[in-house]
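First subunit A sits with subunit B, and in the next complex the same chain sits with subunit C.
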Partner chain A sequence: MKQILPPGVSAEQFAEALQAFRKVVGEEYVYTGQALSGYADPYSIVADDEAHAASAAVAPANTEQVQDIVRAAGQYGVPLWTVSCGKNFAYGGAAPRMAGTVVLDLKRMNRILEVNEGDGYALVEPGVSYFDLYAHIQAKGCKLWLDVPDPGWGSVIGNALEHGVGYTPYGDHFAMQCGMEVVLANGELVRTGMGAMPGSTTWQLFKYGFGPYLDGLFTQSNFGIVTKMGIWLMPEPPGYRPYMISFQREEDLAQVVDILRPLKVNMVIQNAATIRSLLLVAATNATKSQYYDKPGPVPESILRKIMADQDIGMWNIYGALYGPPPVMDSLWSVIRDSFARVPGVKFYFPQDRNHPNDLLHARAETMRGVPRLSEFSFINWTGGGGHIGFSPVSPIRGAEAMKQYTMVRDRMHEYGFDYMSIFAIGWRELHHVVELLFDRRDPAIKRKADELFRLLVREAAAAGYGEYRTHLSYMDDIAATYGWNDQALMKLNQTIKDALDPRGILAPGKQGIWPARYRGNRT
Partner chain B sequence: MNRRLSPAWPTLALLALLAPGMCASVRAAEPLPGKILFERHCAACHAPGPGHAGTERLAQARGAAKAALEQRTDLTPEYIRSVARNGLIEMPPWRLTEIDDAQLDQLVQYLTRPRK
Partner chain C sequence: MRRMTITRRHLLTTGMKVTAAWVLAGNLAFAAGKGQTGLLVTFHDPRFPRSRRLARALPGATRLHGVQGDPSQLLARIASGRPGRQPWRLQGVTTETIPFCLEQFARGYHDVHFENRRIDRDLFAWSLTLSGRPATH
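The block that comes next holds the complex of A and B.
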């Protein structure tokens, strides 16, 4: 394997840095050469395999080792890219933004430091996955529910820091975060919120502490390395009822979204419910070749056949009720009556869905916080493994949702891709997460997908829609769309970056934020 | 209580010792034999039956007889190691921090165990 060096770092400096890292973590936890295969982005959309190649990886066992590594990296000018569990697939996995960066792999820091049943929270390290925390809670018999994203192997900390979402009432993961411990670029250790007070009894109970609320600075950023974080956990409710509502026509999306908004804002819909497009639902238990073997997107007539075969809608809401049965009964009557206005609507509970692989059965688990990986089945729709998320945010307005849908669908069809998406409903916004599938072995398809993606970013920005999260390859493009007042926000980010990390050690290029040392040759 | 807590953690250590209604600290990873490792790392995608993306994909690509990894008898140690470390089309690779070489050996032993 060809040795890649961090930009601006000599082979001698790099060798000395690795030697320093080995002294900190031990020989066996510094990886180079073939041992780096797991740090490549398996689903990279770019044709250049080395665009996000790591030069080495180092895996500390504890916070003190993170501090020592950061200090050594500063001494030798070696940039570090932090991953927690390294499962941020479709956004880059464990690969760094800048080729030659050393990956700081926190997977070994996997302690569940506390689960407090009475107050409903956990304190964890970055290497703790949703599977780990769920298993721990089950083993201890705590009456607490996790909130999980679709892939359960991800990091509880990493997902919250990336502004990930789940599907219970605690679905906004960063909103449910409380208290961090952070290693700064100079190796100093900081605790945020109430954790700054020695002997505090409320680090995981009250977010804001005293003074500026800094936790957001350490999310989707390169200003520090989060080594511990509190996450609130939902008390197990006395009742739970998952449901599915299907709608038959494309144009129903507008009416459905307008009905959803007041239900969500008034907390009649309690959880982070989703509207899923036909093909995303169908792809969990069928492949494209079963229905259509020609190039290009599945035509309308076949979409109708899939709807009939699988008894699903063009749009499908997956939600759940939580609470005492009388409360759930009341909420359901409002939800059902609200959507009954849509012609052709159908309502389902799990017992109404007979196919063993029906998506509602999987959603029924996810919406009560059981981690799984089953939704990766959608990748099998075309095969080839490659997938990337295009994730613009819109108001919870029917006309806006339709506008986004038609914009993206038309472009995807023009480029020969099927449209599949989730509209995830937040408190005031819709995350429109569009999945773009491609064969990772086919350079021509990857080039096409890359061209399409960049076009979608530009067109969405022109219409006022920004992405909330993106793959490594598009961080600069999307950061540039947040350019109001002559890139004032990026200038502020750069000011913070230069103050906290003057040597430019931490995650160069993360979210488009480059340290001064690497900023010069970028536009 | 985890004995590896550093001296920088007196507050947490006291909380974990004294506060009622708390679950004890544990390490999330301990050495495990091959089957437990399989269940932990592989089963979510490769267990038999519906709802397992890897099993479904293998059934589509290689037929039902080669769908569920634990039921296969044709897997070689070299192949398992290569796929685990490098990934295979839809499957991402596993890093040494997730499954170390000793654990991978245990997984290999489990997946290539003699059958009746």
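The block that comes next holds the complex of A and C.
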């Protein structure tokens, strides 16, 4: 296996750095050669296999070891790319942005330090997955619900730091974090919020502490390494009722979104409800070849057949009610009456959906915080397993949703891809998460997908839509679209980066933020 | 070990008319015993009749288990450390996300040996052996 080195680091320096890492964590927790296969991006879209290849990986067991590794990395000029569980697939997995970076794998730091049932929070380390925390809460018999993203094997900390979302009323994961412990690039350890006070009794209860609120600096960034974080947990509600609402026509999207906005803003819709496109729902239950075996996107006639076969709509809302039964009854009557004016609307509860693999049954678990992997099934639609997410954000307005939908759908069809998406409803915004599926063994399809993705980014930006998250390969492209006032935000990010990490050790290129030592090659 | 590469052209020309004979001709040979013993579990995808037929032809396959959506229950058993020091082999003919999820997850807990071959557009024949030793990475 070819040895890849970090840029600007000699083989001798690198060998010395690895030796220093081994002294910190032990021989068995520094990985090189074939042992790095788990740190490759399984859905890599770029032709160059080495574009995101790690040079080594190191797995510390505790915060002190993280500090020692960071200090050694600084001494030898070796860059580190931090991953927690490394399951952020479709955005790069455990692979680093820059080839030759050493992966700092925090999987061994998997302690659940506290679950406080009365105050409703947990304090965890980065290697704790949603599966882990859910199992712990169940074993302890705590009356608390977790909020989980679609794949449940990711890190609780990692998902919040990447601005991930779930589907209970606690669905905005960064909004629900409270208090961090962070290792800085010089090895120093800080605690944010109330955690800065020795003996504080409210580290996981009050976010803001005293002075500037810094936690956001450590999300989607390369300014520090989060080694502990508090996350608020929802008290188990006295009642729970998941539902699905389907709509038959493409153009219904505009009316549906306009109905949704006041329901969400006024908290009639309590959770992070989603509108899922026909094929995304269908693909969790069927493959494309079962309906259509020609190249190119599925035609309208087949879409209608799928709708009839699976009793699903062109658009499908998955939501849930939480609370005492009389409260749920009242909320449901408002929701039902609001959508009843859409022609052809259908309402379902789980008992109305007879197929055992119907998506509502899986959503019913996810929307009450049970981690699963059900939704990976959609990747089987075309076969070949690759996918990346294109995720522009828009206002919760029907016209905007239709505009985004048509511009993305038309481009995807032009390039021969099926349109699949989720519109996730936030407090004031729609996340339009488009799944671009490709055969990861087919270089020609990957090239087309890459070309399409870059075009979508440019066109979305021109229309005023920015992405909230992206794959490693597009971080620079997306960052460049946030360029108001001559890239003022990036200049500020670079100023912070240079101040906190003058040696450029932490995650070079993360979210388009390059340290000074690598910046010259890229501007 | 010979690796079979299925190109897009190959897929278009052969469609999904891959026969059990093709599979039995040796393309699933990787799943044959490598001297391992221990628990063996074989999966098929009940949506595809050919999946059952091909899975039944895998070495050592006796009782088949249907799986098509969420392998989370299996993950819990992997995480719990089962089967201890005994090798544990999972194999099957299913869509790709099942072995993908199992392999990605198992690597965090066990030393694994994984083989995966594409049969047609939808189905993959695969074998995942958990050696019984802890993960080495």
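Note that the second predicted complex is superposed on the first by the 523 of 523 C-alpha atoms of A that agree within 3 Å, B and C clash if a C-alpha of one lies under 4 Å from a C-alpha of the other, contacts with A are read in each partner's own complex, and residues count from 1 in each chain.
To be clear about the criterion, a residue touches a chain if its C-beta (ideal position, glycine included) is under 8 Å from a C-beta of that chain, and two chains touch if they have at least 3 such contacts.
Computed from a predicted structure; not experimentally measured.
On the shared subunit subunit A, the superposed partners subunit B and subunit C overlap sterically. Within the superposed three-chain model, A:Gln494 lies out of touch with both subunit B and subunit C [touch as defined at top]. Look at A:Thr406: by the touch rule set out above, it reaches neither subunit B nor subunit C. In the superposition on chain A, contact is made by A:His136 with subunit B only, not with subunit C. When both complexes are overlaid on chain A, the residue A:Arg111 reaches subunit B alone and has no touch with subunit C.
After overlaying the two complexes on the shared chain, residue contacts for A:Asp442 are found with subunit C alone; subunit B is out of touch. Within the superposed three-chain model, A:Ala35 lies in touch with subunit B and with subunit C [touch as defined at top].
More residues of subunit A lie in contact with B than with the other chain of the pair subunit B and subunit C.
By the touch criterion defined above, A:Gln13 lies against neither subunit B nor subunit C after alignment on the C-alpha atoms of chain A. With both structures placed on the common chain, the touch criterion links A:Thr63 to subunit B but leaves subunit C unconnected. When the two structures are aligned on the shared chain, A:Val128 is found in touch with subunit B, with no touch to subunit C.
When the two complexes are laid over each other on chain A, subunit A has residues 31, 35, 37-38, 42, 57, 85, 87, 107, 131, 152-153, 287, 357, 362, 372-374, 376-377, 379-380, 383-385, 441 in contact with both subunit B and subunit C. Partner subunit C is touched in their complex by these residues of subunit A: 28, 31, 35-38, 42, 57, 85, 87, 107, 131, 135, 152-153, 284, 286-287, 289-290, 293, 295, 357, 362, 371-374, 376-377, 379-380, 382-385, 439, 441-442, 444-445.
Residues 2, 4-6, 8, 11-12, 15-16, 19-29, 40, 44-45, 49-53, 56-57, 60-61, 85-87, 89-98 of subunit B are the ones touching subunit A in the complex. Of all residues in subunit A, those touching subunit B in their complex are 29, 31, 34-35, 37-40, 42-43, 57, 59, 62-64, 85-87, 89, 93-94, 105, 107-108, 110-118, 123, 127-129, 131-132, 136-137, 140, 142, 152-153, 189, 198-201, 285, 287, 356-357, 361-362, 372-377, 379-380, 383-385, 440-441.
Interface residues of subunit C, counted against subunit A in their complex, comprise 5-8, 12, 15-16, 47, 68-72, 75-76, 79, 95-97, 100-101, 104-105, 107-108, 118, 120-122, 136-137.
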